[in-house]
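Below are the structure tokens for one structure; questions will follow.
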Amino acid sequence: MKKYLKPINLMELLRPLGQLIVFSLGSAAVLSIIVLALAIVLNNTAAGDKIFAQLKVSLFAYTVANLPQVLVDGLTLGFVYAAIALGYTMVYGVLEFINFAHSEIFAIGAFVGVEILIALQNAGLIGSGSSLFMDYVFLILAMLAGMAVAGGAAIAMERIAYRPLRNAPRLVPLISAIGVSFFLQDAIRLTESLTTGQFNRIFPTFGNFDKRITFGKIPMGAAELPFSVPIKSFIVIIAAVLMLVVLNYLVNATKVGKAIRAVAQDRATASLMGIDVNHIIAITFLIGGALGGAAGLLYALKFTRIDPYVGFYPGLKAFTAAVLGGIGNLTGALLGGIILGLLETFAGSYLSIFTMGAAGVEYKDIFAFAILILVLIFRPNGLLGENVTEKV
Amino acid sequence: MFKRSFAFLSLLVIASIALTACGSSTPATQAADSGSPATSGNVIKIASQSPLSGDQSVIGVDIKNGAQLAIDQLSGPLKDMGFTIQLAPYDDMANPDNGVANAKQIVADPAIMCVDGHYNSGVQIPSSEVYHSAGLANVSPANTNPTVTTRGYAEVNRIVGRDDVQGVVGADFAASKGVKSVYVMHDKTAYGQGIAEFFQQEAKAKGLEVLGFEGTEEKANFDPIITSIIAANPEAVYFGGMFSQAAVMFKQARDRGYEGMFISDDGFDSSDAAKIAGDTLMAGAGTFYSTVSGPAAAYADTAKFVTDFKAAFNHDPQPFAAQSYDSAAICLAAIQNAIKANNNQMPTREAVAKAVRELKDFKGITGVYNFNSIGDPVVAKYFVIQVMSGDPAQWSANEIVQTLDIAPPAP
Amino acid sequence: MAMLEVNDIHTYYGNIQALNGVSLKVEQGEIVTLIGANGAGKTTTLRTISGLLKPRQGQIVLEGNDITETPAHDIVYKRIAMVPEGRGVFARLTVAENLDLGAYSRSDRKNLAGDLERVFSLFPRLQERQKQYAGTLSGGEQQMLAMGRAIMSNPRLLLLDEPSMGLAPVLVDLIFDIIQQINKEGVTILLVEQNALMALSIANRGYVLQSGEILLSDTAESLKNNEMVQKAYLGIE
Amino acid sequence: MSNLSFKDLKTTMQSGYLPYLLAGAHVLIGTILVYLNQRSIIAFLVLLSSFFSLYRIKADMRYKLFIGAVLALIIIPVLGVRNIFYLEVIFQISVFSALALGLNIVVGFAGLLDLGYVAFYAVGAYLWAFFGSKQFYTLPYTPGSQPTDLPFLLPSDMFYLFIFLAVIVAAITGILLGLPVLRVRGDYLAIVTLGFGEVIRVLAANLDKPLNFTNGPQGITPIQRPPMPQSVVDGFNAIFGKLVGHQADVSALYNVMFYLMALGIIVIIIIVSRRLEDSKIGRAWAAVREDETAAIAMGIPLVKTKLSAFAAGASFAGAMGVLLAASRTFISPESFSFMQSIGVLAMVILGGQGSIPGAVLGAATITILNLQVLQGLSLYLSQLRQSDAVIPIINFAWKNLSSQLDPAQYQRMIFGLILVLMMVFRPEGILPAQRRIKKLASESAPNKE
């Protein structure tokens, strides 16, 4: 009976980890089976012949040999999407509103983090000769700073552009968000061009993030393919998992989390409980923004180059991931991200081979949206989404 | 409320009458009048059109800046003749609708004698229809799409090589280096894809095996493509497009252990490429790019341009800034010739357009230019340059490994 | 000094006036009921007191302190709790979580266990369903949960909006018994009801509201015997 | 006090013959201003706004129509040929008005959020681009390598037929998109349509292999325009030559022609929209928009209702696509980016969801802002920077202003700011639909009690 008052609920902490492993393995297995089946079917067609002529291996052997690398790349990308999607889903869950400017919050986090790291590099604190431990400390500090600024920006944005529109028709805050998004893109560009004069910013090379851990070589016919994973992929995955676990705990097992969920369901009644609705919404934006900022730095770490418009496509994909998984649902965002990341990487890696160059990596975005439409036909609220209209 | 807006409009009418009555000296009317604040008979304007906002603005702004620098530095002779030269920078937003509307606005301003632009072929082609019908000279600093000149307009010129030349240069270079197999990539823009297509054709003609041909708009995550590249293991990878994608891809491929040669085009010519990819450009078989403008270290004019540009705008010039400088310089030279031919009077647009086409051996910072009958540079000099250092500051020390003079296909 | 004093409040929805000068008083320990037809302004009155709506004019005074401008989420800290019309339970939270949210405003967390015990003794059903989502409860159970949740904030004044709505007669009796019991434990109650007969049978005093104005106010007993009230609200010809 | 006198002024202005006089004067003054100041934006705005004051005055419908027709059919073409930039602005306003009106059916009437509307526009444009160019014969060639001496597939007067074909094809595309996503609601629909818009753009950029349908990012050119007989050019010059001040050439008259066609399509769209809004299907849309569940309960066929909204909205965009392809003679995927969809949506919302005059006004506002005001402002500032002018009071020379601050580079920032301010201070749009006003009033009141 006093159970619910217990300070830390271990189950709540671990549950997402289990789900995550199931999702990753599940989607990876399903996609692998599809690809292998396709490879068997196409093995004796013109596509198979073409590969054999080029590389002296069968299409099936080619597919198998590349599979581990594709899976790892796909999962890493998936976790990047998931990290961004968490912010979308947080805000949507509470306000039922697509925060279009989340992409720019993401970009702000990336820029703040990268600028700090560049400054540290110029000061000689990171880079050649610095200790590995300090490299990680500085990376974390840069990420925290990015989170703080991005979270602050998200709060300011909510206060100025969304709060006055709380009771307006649904499309109005959406347009306002698009306006904020445009504004922030150019604001970042203006700030950068006034301070550094640069458009492209590059994540500095330091620490051991670029180093790859080699798991061996996979034979493919006479050749051997290296199978290796860069350390930064591990960092991305671990950070994204940590973000999910902490967020999940925060929302499901703390007082603030309960208040957030109460506000999401019924603002008037929540205020009768003594919950300051505006305060909770601001906190939601703070959390969503901080997550977006962290995702921004992870993105910069993984993909090196950022510019003021960097947020747009990852934002779009992450939003798709959130919807795919069931927007408003934290685990759904993760699942959607993993599926999207894997699917894109699979399409990008194999499509060109399977179609003999008629369609290639350029169609990977179409796959992303096609799977979305397909899922929504059968599950109109996303994979893990609840039926919104059932809301009492 | 409705009536209030009506009343407001009526007030606006009255106010604007008042403003026009006061003459055009107030700032408000001047701002409204897209013409100059001091439209006298002797103002000549050169318009630039490029994307100044949006994600392609990084190149577009430097196209504008290149033109600005040319006007600042080279309009002396025209000033001495009693003319004021100004730049009118237009933002085409990389969007044909904006480009065409701006073109019509440019055409409507009689002081504009020459247009330096655009960046996107998709904008240049419809916009130049407007320049053509108004007889206004257009010198393009960046549009490599064959259609730009194959329409045969007397007003439309370019100083960059066509896709069907630059791609060929890259392929010839690869063949000359003994490369046997190549993987071709492009950025899905008219520019990158055009170059890549012609690279592919020439490579096949030279007996190279093309192991893959792919385009992608992706700017960050090249993992899936690199997986294909590593599996195919070509001796060289060609990327038709801009450094912001190419350098990221090259770095990711090197990190994955690809050891072959990288080749790219003039969109790669930016010290930012070294900033992105660093020493990975030097690893393996190295990185090469084809370009029409020589490296700053070897060409004194180019070196001076880079220094001046940096002093004026506080950052290194992006690709096509130098070409834009030359485009504007060609405009200025042609205007000067046309004025002389017209007894030091304001020339007509047709005269300027004709003067551009008739320029003889114009010496710019990116080469010596003569135009053929459709506006392509007659013999374009191409350099294939090898990246010599991963340090962005050393970009100007990149070395020429091949110099080619190639005429465009006959008109 | 009255516990709650409402002086001449005027409340609007946009430009539509819903309350036109309502005044009422609730004394410590009383059950006061507010009866009236649909649209008379009963719920609006409660929502105005609880801070969900702001009156354009008039005052709300709690034990001598003006709380007119206090926002809804601070009202709870003045130990006024409201059970909204239609219960307003958080359907996608468990029963336990709903109850815990009721105690959101409490800083004396150590007394919570006792209060929870008190709620469970009033509503044993809730104890059985602690881990269920509130959305899965029946209407009567949801009403109990809403009341239990309000009690968790340890209020001195409880505002109840239509507790009998949509409930079976047996449950209505049960709910009204519990209201009386809560009152006996020292909680003052302001009850809004359409079921005027039931309301007047447990209340000390009552107000009759019509078109946003107080029509009558008297002891519950006198109201029950008032001919007009009988005709209009009690269904007695 | 001042408010009172202002009210008096308003009533006076709307009574008796005064409105006739004022609107007429507005048109006349605008015309004269533009005629005298060829390149003044303010003069042009005065002229354009006279449409608005015509719309607003209390006057006989016949008078309004007559003056409006004179303005649209004679004054604007003549002034437009004098300065073809104006014609281009008005043409783009017309194109975007048509798109906004089409999207207004989907978003404003039926309440279905569509973030990929520009896809239908692309379908129409590529339809004529393929059949009205030489593209059919280049199917086997990779982009850039096709021979130049190919013939056109169809004669150029097929253009008119293709306007109607595009209406049908776009409507079918709308239905095809609608079918799978019917069960999807609200924001889910937004992301699906957004995805659909991207898919169409990616297809346009990639269908250059294995068979070259779209010529990829290189785009299709030349695309034929409908024939323009020399007699029309001569006729125009004979009648208006003196007023225009120079001999109009064929390309200028093409501009006029496309403007008039766009205008024609707009008139049709407005009539159809009005009819639809008041029809049975229009009421069904309203019901679905306000409450889907209740609409089903009332026996409204959800599938038919939603699909018809998609189809109706899409068909108009298809027609405008054909017009765009012909007027530009060039089409590439760049014209159909997500930004375009957002732009059209912003026009609808800015003007007022569900409001027909609002959609037109929204389109005009954003187009003018985009093409004239912001561009003009930054050109002006750029000129100040090249002059010796100083900012008064602080005595700061414009010359020293960092070139990074060039406002031309920050048009999107200003646009974004305007969107936010507009939404915060006037969320119902500039010209809200009448029923929308009512709805807002009731929405602001929590519907309890």
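Letters A, B, C and D name the chains as they come in the text, with residue numbers starting at 1 for each one.
What we mean here is this: a contact is a pair of C-beta atoms (placed from the backbone, for glycine too) under 8 Å apart; a residue touches a chain by one contact, two chains touch by 3 or more.
Since the model is a prediction, treat every value here as computed from it, not as a measurement.
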B-D versus A-C: which has more C-beta pairs touching? B-D
Using C-alpha centroids, which chain lies at the maximum separation from chain B? C
I'd like the Å distance between the centres of chain B and chain C, where a centre is the mean of that chain's Cα atoms. 73
For chain A paired with chain C, centre-to-centre distance based on mean C-alpha positions, whole Å: 46
Per the C-alpha means, the centres of chain B and chain D lie apart by a whole-Å value of 30
Here the gap between chain C and chain D, centre to centre from mean Cα coordinates and rounded to Å, is 54
Which residues does chain D have that touch at least 2 chains other than itself? 205-206, 402, 404, 409-410, 412, 444, 446
For chain A, which residues are shared contacts with two or more other chains? 186, 189, 197, 268, 357, 362, 365
If a residue has to touch 2 or more other chains to count, which residues of chain B qualify? 53-54, 57, 188, 215, 217, 313-314
Looking at the complex, which residues from chain A come into contact with chain B? 54-55, 62, 65-66, 69-70, 73, 76-77, 186, 189, 197-200, 202, 205, 210, 212, 220, 223, 225-226, 228, 230, 299, 302-305, 307-310, 312-314, 344-349, 352-353, 357, 360-362, 364-365
Complex contacts: residues of chain B adjacent to chain D: 2-7, 9-10, 12-13, 16-17, 19-20, 28-38, 52-54, 57, 61, 65, 68, 86-91, 93-98, 100-102, 104-105, 107-109, 120-123, 125-126, 129-130, 133, 145-147, 150-151, 163-164, 188-190, 193-194, 197-198, 201, 215, 217, 312-314
Residue ranges of chain D touching chain A (in the complex, touch as defined): 107, 113, 180-181, 183-188, 190-192, 194-196, 198-199, 202-203, 205-206, 209-210, 293, 338, 342, 345-346, 349-350, 353, 402, 404-405, 409-410, 412-413, 415-420, 422-424, 427-428, 436, 439-440, 443-444, 446
Under the touch definition given earlier, write down the residues of chain D that touch chain B in their complex. 6, 9-11, 13-14, 22, 25-26, 29-30, 33, 36-43, 45-46, 49, 52-53, 56-57, 83-85, 87-89, 92, 142-145, 148, 205-206, 216-219, 221-222, 249, 251-252, 328-330, 332-335, 337, 339-340, 370-372, 375-380, 382-384, 386-387, 389, 402-404, 406, 408-412
If you look only at chain B, which of its residues touch chain A in the complex? 53-55, 57-58, 188, 209, 211-221, 223-225, 227-228, 230-233, 244, 247-248, 251-252, 255-257, 272, 275-276, 278, 313-315, 318
